[in-house]
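Structure below; questions to follow.
Should a chain be cited, it is by its letter among A, B and C, assigned in written order, with residues numbered from 1 in that chain.
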Amino acid sequence: MTTFYFEWWFLPKLAQGLVLTVEITAACIAFGFVLGVLLALGRVYGPKLISIPCSIYIHFFRGTPLLTQLFIVYFGLPNWGIHLSAFTSGILALGLNTAAYQAEYFRGAIQAVKGGQMLAARSLGMSRIQAIRYVILPQAFRIVIPSWSNELILMLKYSSIVFSISLLDLMGMGKRIAARYFNYFEVFIVVALFYLVLVFLLSQSLRWLERRVRVPGLGAPGLR
Amino acid sequence: MEFFRQLWEVGRYLPMLLRASTVNLELLGALLVIGFLIGTLVALLQVYGGRFLGTVAYIYEWVFRSVPALVLLFLFYFGPSEFGWYISPFLAASLALGLRSSAYQSQIFRGAIQAIPTGQMLAARALGMSRVQALLHVILPQAFRLAIPGWSNEFSSVVKDTTLAYVVTLNEIMRYAKIIMDRRYDLAMATFIMVALIFLFFTYSGNWLLGQMERRFRIPGLQMPGASGTVL
Amino acid sequence: MNALLVVEDVHKRYGKEEVLKGVSFQVEKGETKVIIGPSGTGKSTLLRCINRLTEPDRGRVWLDGVEVTSPKTNINRIRAQIGFVFQDFNLFTHLTALDNVRLGPMRVKGMKKDEATRLAQEELARVGLADKADAYPAELSGGQQQRVSIARALAMNPKLILFDEPTSALDPELIGEVLQVMIKLAQEGMTMVVVTHEMGFARSVADEIIFMEKGVIVEQGPPAQLFSSPKHPRTAEFLRKITELYGGEG
């Protein structure tokens, strides 16, 4: 360990990368959330014409590597005349991927809402869509929080994959610094610490969120 | 359609991709074994290890679950060479992904061990077994059965994660796919779709096998709490 | 047609099993009709066919002169006029008592929030739960939950309320508080169709009792007549059994 020395100058650079990591994670989670809810609704309530394509989508994105999906979007789509920036490609690929996982969590949560809730809502004269919006989804969202939190943390870590299409996120910035000075070990120990702190902060905030919206009688039995 | 013609053309490279994918499968095997052995040890320490070792095991699990796989890959591959030790991409990837998997697997095994009624340990000790004997002959055989569903999930995610070893220059499938693409840029989409299809096959056939295994080892009356399996 | 509710020849089949084999009856405005009969007889199915929570295979239903079963009818508009009280309450788990009661008026009738709130508070007071407005369903006893669900139905200002065994899921000591609310409603002139095993309630509140078995109405008549001199031997036998089971007439 005699060669171990620490250079402070690269910390601001890493912080810059960290900002991109947070941006990409937030964007792909938001994108995946919207698409995931739609896929879950399609799978649970849709007619076959909708539920089967939703199902195929989910199986494809859950059954194939994220790196492959990223390369399909970044290197593959140009074959079809679709040219996206690395930043957009990264968010799109991560978002399409997490949508499939989120869809499965939402589906489980929707199906965990008791059947009588839909009946009661319809008996008041609500349409199916109103019942889903005001009764089913608010409950499903609360039930889903634990598994959804895991997914969010997972995506925070997997977002590092965008360095492979030369984005300078926390990982990419680390790689760039380390490659120039060949001090991979020092730099990546620091990068690892950055991720540890990020993951810690994120999981604490999610726990706080879970407590905030908790409602008596609406736990997530067996859904972790 | 143009795309299917290209897919057909990529078919020429299929043997090469499949050969490369055996590297992914070897890596998968190595990382699962490392993950299983260390994961079991960590779980046992967490449950039976006492205060100090238990805490160490929890910290270990937390660190390896919180650091991205790619960062671990870089640390294990570039780290040693900085101190003058050469490490092969395969070994580095096996260690990085294996230790990471051990953290996830320990969580699965810990849950399974804790799901076993305490009476089982008591009964084993009452027969005169030592703690270690009780673990080996009574607790773990039950815990491993309970862990199969959770372990299947872990399997599905690490199969796909073997492609991450691409970044430490392991000659696995994504690296070959990238080589094909560099030669024939027009085939990029078809090539990566081909890789995706190969992985669809790996993931779902693996899940199917593990499902068979679960059925085969199932014991009436033994299940995770909250699981809604049929008890015969 | 001057009856408030007309049910005409309703049929329903699940697979091979014909659950309703042509049921007809009428309910006048302000009337309380009690439906009794062994379980599995199709009583719940019948109630659900009235507001089409279950779609009848055949037969017709009118509410206040409007055909409920017509494909042209906007069923949500009809359901808003028919209260439904479930055996297992089905209060919305994620909402407080107050929110449960005002959700319908706000979302279905488009009522303003403060107006709906005032209404909901009134209805909660009507069932004796003004002090529980902020409690979640899980924080209430079964009897309280069922009273909230009655308040939820009342808040829609329905023409008719259907009760499907409203006290069957309750501990015996909680049944009384729910029945009291229902008795009060009947006295105030609410039109109600009540499926129940509470013979005391049936005897004292019902204007007419319908005895159903195996998907058909076996006998109907005013309680005094039906209880003291049932025409049909099946009715007599059922009444004897239910008295044994529920220990007297409550």
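Keep in mind that, in the parts below, contacts are C-beta pairs under 8 Å (C-beta built on N, C-alpha and C of every residue); 3 or more make two chains touch, one makes a residue touch a chain.
The structure displayed is predicted, hence computed values, not measured ones.
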| request: Please give the intersection of the contact partners of chain B with those of chain C. | output: A
| task | Taking all protein C-alpha atoms shown, work out their mean, then name the chain whose own C-alpha mean is nearest to it. | result | A
| message | Of the chain pairs A-C and A-B, which one is connected by the greater count of C-beta contacts? | response | A-B
| note | Computed over C-alpha atoms, the centroid farthest from that of chain C is that of chain B
| message | Measuring centre to centre with CA averages, how many angstrom lie between chain B and chain C? | response | 55
| message | Suppose each chain is reduced to the average of its Cα coordinates; what separation in Å results between chain A and chain C? | response | 46
| said: Averaging over Cα atoms per chain, report the distance between chain A and chain B in Å. | reply: 21
| Taking the complex as given, what residues does chain B use to touch chain A? | 3, 6, 63, 66-72, 74-75, 78-79, 82-83, 156, 160-164, 166-167, 174, 177-178, 181, 186-190, 192-193, 195-196, 199-200, 203-204, 226-228
| field | Residues of chain C touching chain A in the complex | value | 51, 53, 76-84, 86, 88, 90-94, 103-104, 107-108, 136-139, 149, 152, 156
| Along chain A, where are the residues that touch chain B in the complex? | 1, 3, 59-60, 62-69, 71-72, 75-80, 157-158, 160-161, 163-164, 171, 174-175, 178, 182-185, 188-189, 191-192, 195-196, 199-200, 221-222
| field | chain A residues within the chain C interface of the complex | value | 114, 116-117, 119-127, 130, 134-135, 138-139, 142, 215-218
